[in-house]
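Next, two complexes with subunit A in common: one pairs it with subunit B, the other with subunit C.
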Partner chain A sequence: MIDNISTIHFLKEMLYLIPLLILVFSSMIILLVDVFAESSNKRYLAPLTSLFLIFSAISIFWLYKYIPKSGVKILYNMVYVDHFSLVISAMLIIAAIITVWISSDYLERYGIAIGEFYSLLLISLTGMILMVSTTNLFTMFVALELFSIPIYVLAGFFRVYGKSIESSIKYFISGSVASAIMLYGIALFYGVFGTVEFSEIERHIFNHYDSVAQIAKTEPLLILGTLLIMAGFLFKTAMIPFHMWTPDIYEGAPTTVTGFMGFAVKATSFAAFFRVVVSIFNTPSLVYSENGTISPSSWINVIYVLIIITLIVSNLIAMSQRNVKRMLAYSSISHAAYLMIAILTFSLSKTKDSYGSLLFYLLTYLFASIGAFAVLSIFEKNGSNSVTLENLNGASKRSPFLVASMLIFIFSMAGVPPFGGFFGKFYLLKSAFVDGSLSTLVLIAVITSVIGAFYYLRVLVFMFMKDVESDENIETLNVPFLGKLAIALSAIAVVYLGVFPNSLIQFMGETISNFFIK
Partner chain B sequence: MFKIFLMSTTESLSKSLDLTTTYLPIVMMIVVALIVAFGMLALSIFAGPKYPSKAKEYPFECGWLLDSKDTKRKHSIKFYMVAIMFLIFDLEIVFMYPWAITFRQIGLVSLVEMFIFLSILVVGYIYVWKKGILEWD
Partner chain C sequence: MGVYIFYLFGTGLIATSIVAILMKNPVHSVLSVVSSFFFLAGIYAGLSMQFLAVIQILVYAGAIMVLFIFIIMLFDLQKSEYSKDRFLWRDLVPLALILITAAGFISAISRSESIKNYVANAKLPSNFGSVSAVSFEFFGTSNSVGRFSFLFEVISILLLSAIVGAVVLAKRKL
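Moving on to the complex of A and B:
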């Protein structure tokens, strides 16, 4: 009965899952520790959680050296671990560590159950890592739900505030509808091909169809399935017109959670979408018509139009926001459009220049966005769970450290030269421009990023140039140690990415080029 | 031509016949279930003794009595807690059925996997217990 070979094989497969296993078990351990520990000892939960996260990160670095460049398929082809997934996982874990550090004091201030918070964060992180390390549509869907549901709960963690509950319910309902739409698309793919494995779907499309027109004639459900799966991803990445949930949810959710989901949900969805694009959508017969030009009914054109709309609308709406969290929500929508440009460039041009830009942009966005939300979480007035521009009046006197780091984050997001965000945008737009067919898009992106500079810099105007009317409000802010550490490290990372971008962008490019090793 | 038509019709006929024979037991089971269920209801309606009282004429509800006017009444959160817990542990059992049936084919590894799954749920159970959700008061 005991099959030695299969047992050893099973254990070997578990080796590739170590980062995930650490996260799963630590989430349970945190939950149990929280229940059994005395309430005075609960402040050790944040260091404990970050310790587990660091273990998981170390195991990812170790795995990176251990696995072959072409990646490994494990658990009956359900999970696929490769360099791309490990790089994204490392970014997600960094995001989680920063979130844990800034949350520990934040949660204490609001008197919120801590153990559940960290546990849910870890479970959500597990789902995210699983989602980026699979080439199976169904595992991808399960992972999508696994990371979404804890995020819905985390968004409603301030259960005494109506806005938090509202954001949770809104996110839950709209998110489930989006998941259902995506599942419908997956079902259509399964109906057409009888498989949910990326490579097999690609093979079928490649072998049986020549052009978009032919697919539309013989198998229209395939086009519909493509659009439905894309709609699911567009919702999760908050592209216009699937963005309606973003401002309300970003505003209502606890600020540290907003920072986490602003980066992590977006990065995960983009990474998974990137995989789908590389493996399935980029098949020539889904993009080109018979004479070799891009077909008018291809998914590329849908994305192209949506990027233009997203760039213009999100930046214009963001200008009229007084609430900084809402403003950053719209700014995150516009960042989604930039990331979409990277994906589009990747599918249209075959030069290696475009490879690294998506990952590098994600990396700069990670530190700038989570850092900005971390600063806001400290500036937030107690009991309001929101920050208006007026709340930031005279901030430079209350805490020079926070304002200086906010300056770095804001400059990076606006794309001012010495910071990471500039080079993220630069590489991304450069590779899109070199290709030629996207130069209109690049032009619009540059113009809208100038518009974007207005609302980004306005935050700094309120922080530096406006004073508080009455003197009673001026009190120096006490920044907790872990929060200070997280913010300082993020600021240093943003500066580092701006000063020494070359080696990292090369590294990211190599990671992506591993996709083409067969 | 006609022969081919005839052949194809007989073929489809035999196919449909085949379908009938495979699904006949299920149809029979449904019919029998309906007869038993409605038969018992009919028996109790026609042959059973009837002593109507005010309490009996209340609409049947589980857990609390329905108020006729006030639909926005808040109910204790304990009901939802119990419902959610029931859902989780019920699903656990449902998951174990196919596992038990295919256990011989998948072997020892599946036993370990199932115990991992169960221990994850046990963690949830301990959490619920320590949080005091199992105590009604």
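Moving on to the complex of A and C:
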């Protein structure tokens, strides 16, 4: 039991939350500015938001230098700030900055350039950062809701389009059910252990149980809780068969929101799931049977089977999509499977090589995915809120800049060297292969990524080789300044990650190895 | 004595919940759900969680059910609209799944050792479940901070975002 902490000490500990505080206050400032600003001045809201985001990013860099490598537990162990959480937070803030830059012009085109968009985005970002910086199941659940509810609203931001409203309602209902399932799992954990703190749960499991079989006999609620919490995460990361919501919601939501959602929700859920795996699920008695082999009823096997299903099914369905947003939704499902392979590799092998692959893959996915959605948001025809392959006909004549950046993003996602995505996949699969027990999985992943190349490259075929039938939409596209900046920087980042991956992979590996400092 | 109170309210809770999903008329369903909330509040009170029992009635039976009834009123359903659906054999699949899941949960709970331990040596603090105990956890005392005060503040931001979101989605002209 922790002693009561005094008010002054509590406020001092809040200093570690300074990136979050900046985000919360700026979201409220933007709400107020939006009320009092003249409507002609509202285009300054996006630069203002990105300024606050940059402040928050600077405070993250400062904290990174300031905190010890083992991290700090603050506020009655409710929040745990360490290098891992700061690295993920920095990625999320970069994603938010790119989204804000693209959204400013996009929203104006649709006539809904209002401050609530940025405010909700910032609150959602707050929840995401809180979710990755905690080792407490209560905080994790509250943070999950804190980032989900603004995202539900942002998905329905185009209130005049039926598809947008539909995606919002669908996401809200299915997301709430998933949260409820996860909450049931948390409640079962609390019922069994009387605590929701990761380290105490781990100690309890380690001291009281030897193998999965023994847990199943004496404490079946523990296995039930594990499965329910995992189901919540699998929903948020959109692994098949928990993926049904993804294509509809990615299609209906405003395209810039889709880009943000596609990366940020996924990255947050994976980072939080990674923490849960490292701290709780990886306890030997939850994985192995008495003779030291992986128990057939362990959670590892569930994930293993789901990865195989996800890899095959998502890539096959993506091939038949004509709507590019839906296609990218299925591609994001297949990326989730790759990230799951990284987590599985991490929990099965203890070599240090596998450490960096999860974070590096997330980083390459960040720029490629948000960049691709940013390009689509500019190609989008007014009044349809969707992009089909035919809409991209003759795109290379309309805007060579956009098509060149799309080429980089698509090549990166398809895993073509020398772009970032290739090295993300390469390191991930290499460390999975070295381990040996996952070689079947690696084989399937390689085969399905070849299938994936087909539908990725088809986008480029439509952009470069097909011509428009009529002359009406040959006019060149006008790319706004902030949007151009965001897309150009993402493209440069993807190329940089492909050309100089080593130092970053090493950095990511060191971040993960901090988990094991006691 | 406490056990009998539990069985009384538990039976009522299960019965009203089943009635809620079997009723064809949505108003009848909602009324049945309201009574199930009261039974649940009774179980809480029987477990000496007075504060939770009061909140259950205030928030759920009070605020949330009013919303439900309002929405059903606004839909203004005619009898022909809700009495059409009839029993289909494919309805049995989800029913079977639910029953299997429920059986799994019941067997897991009945075999759980930690729950047996709780039953064997349950020792509650004297002010368990009272308003003062709950407020101590949330707000602390005059010179210390409660354990959950941080989460309490986070939830206030959550509610703010929900309000902003409701306005954004529902306001006629932005």
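Please note the rule applied: the second predicted complex is superposed on the first by the 508 of 518 C-alpha atoms of A that agree within 3 Å, B and C clash if a C-alpha of one lies under 4 Å from a C-alpha of the other, contacts with A are read in each partner's own complex, and residues count from 1 in each chain.
FYI, a contact is a pair of C-beta atoms (placed from the backbone, for glycine too) under 8 Å apart; a residue touches a chain by one contact, two chains touch by 3 or more.
None of the values given here were measured: they were computed from a predicted structure.
When the two complexes are overlaid on their common chain A, residue A:139 makes contact with subunit C while staying clear of subunit B. With both structures placed on the common chain, the touch criterion links A:218 to subunit C but leaves subunit B unconnected. Between subunit B and subunit C, more residues of subunit A are touched by C. By the touch criterion stated above, A:7 is placed in contact with subunit B and with subunit C alike.
Legend: residue contacts after superposition of the two complexes on their common chain; A:31 is shown touching both subunit B and subunit C.
Note: residues 2, 6-7, 10, 24, 28, 31 of subunit A belong to the subunit B contact set and to the subunit C contact set alike, using the contact criterion stated above. Contact residues on subunit B toward subunit A in their complex (touch as defined above): 107-109, 120, 123, 126-127, 130-131. Taken together, the subunit C residues at the contact with subunit A in this complex read 104-105, 107-109, 111-115, 140-141, 143-145, 147-151, 154-155, 157-158, 160-162, 164-165, 167-169, 174. Partner subunit B is touched in their complex by these residues of subunit A: 1-3, 6-7, 10, 24, 28, 31-32, 35-36. Residue ranges on subunit A touching subunit C, taken from their complex, read 2, 4-7, 10, 24, 28, 31, 75-76, 78-79, 112, 114, 116, 119-120, 123-124, 126-127, 130, 138-139, 142-143, 145-146, 149-150, 152-153, 156-157, 159, 168, 191-193, 217-221, 223-224.
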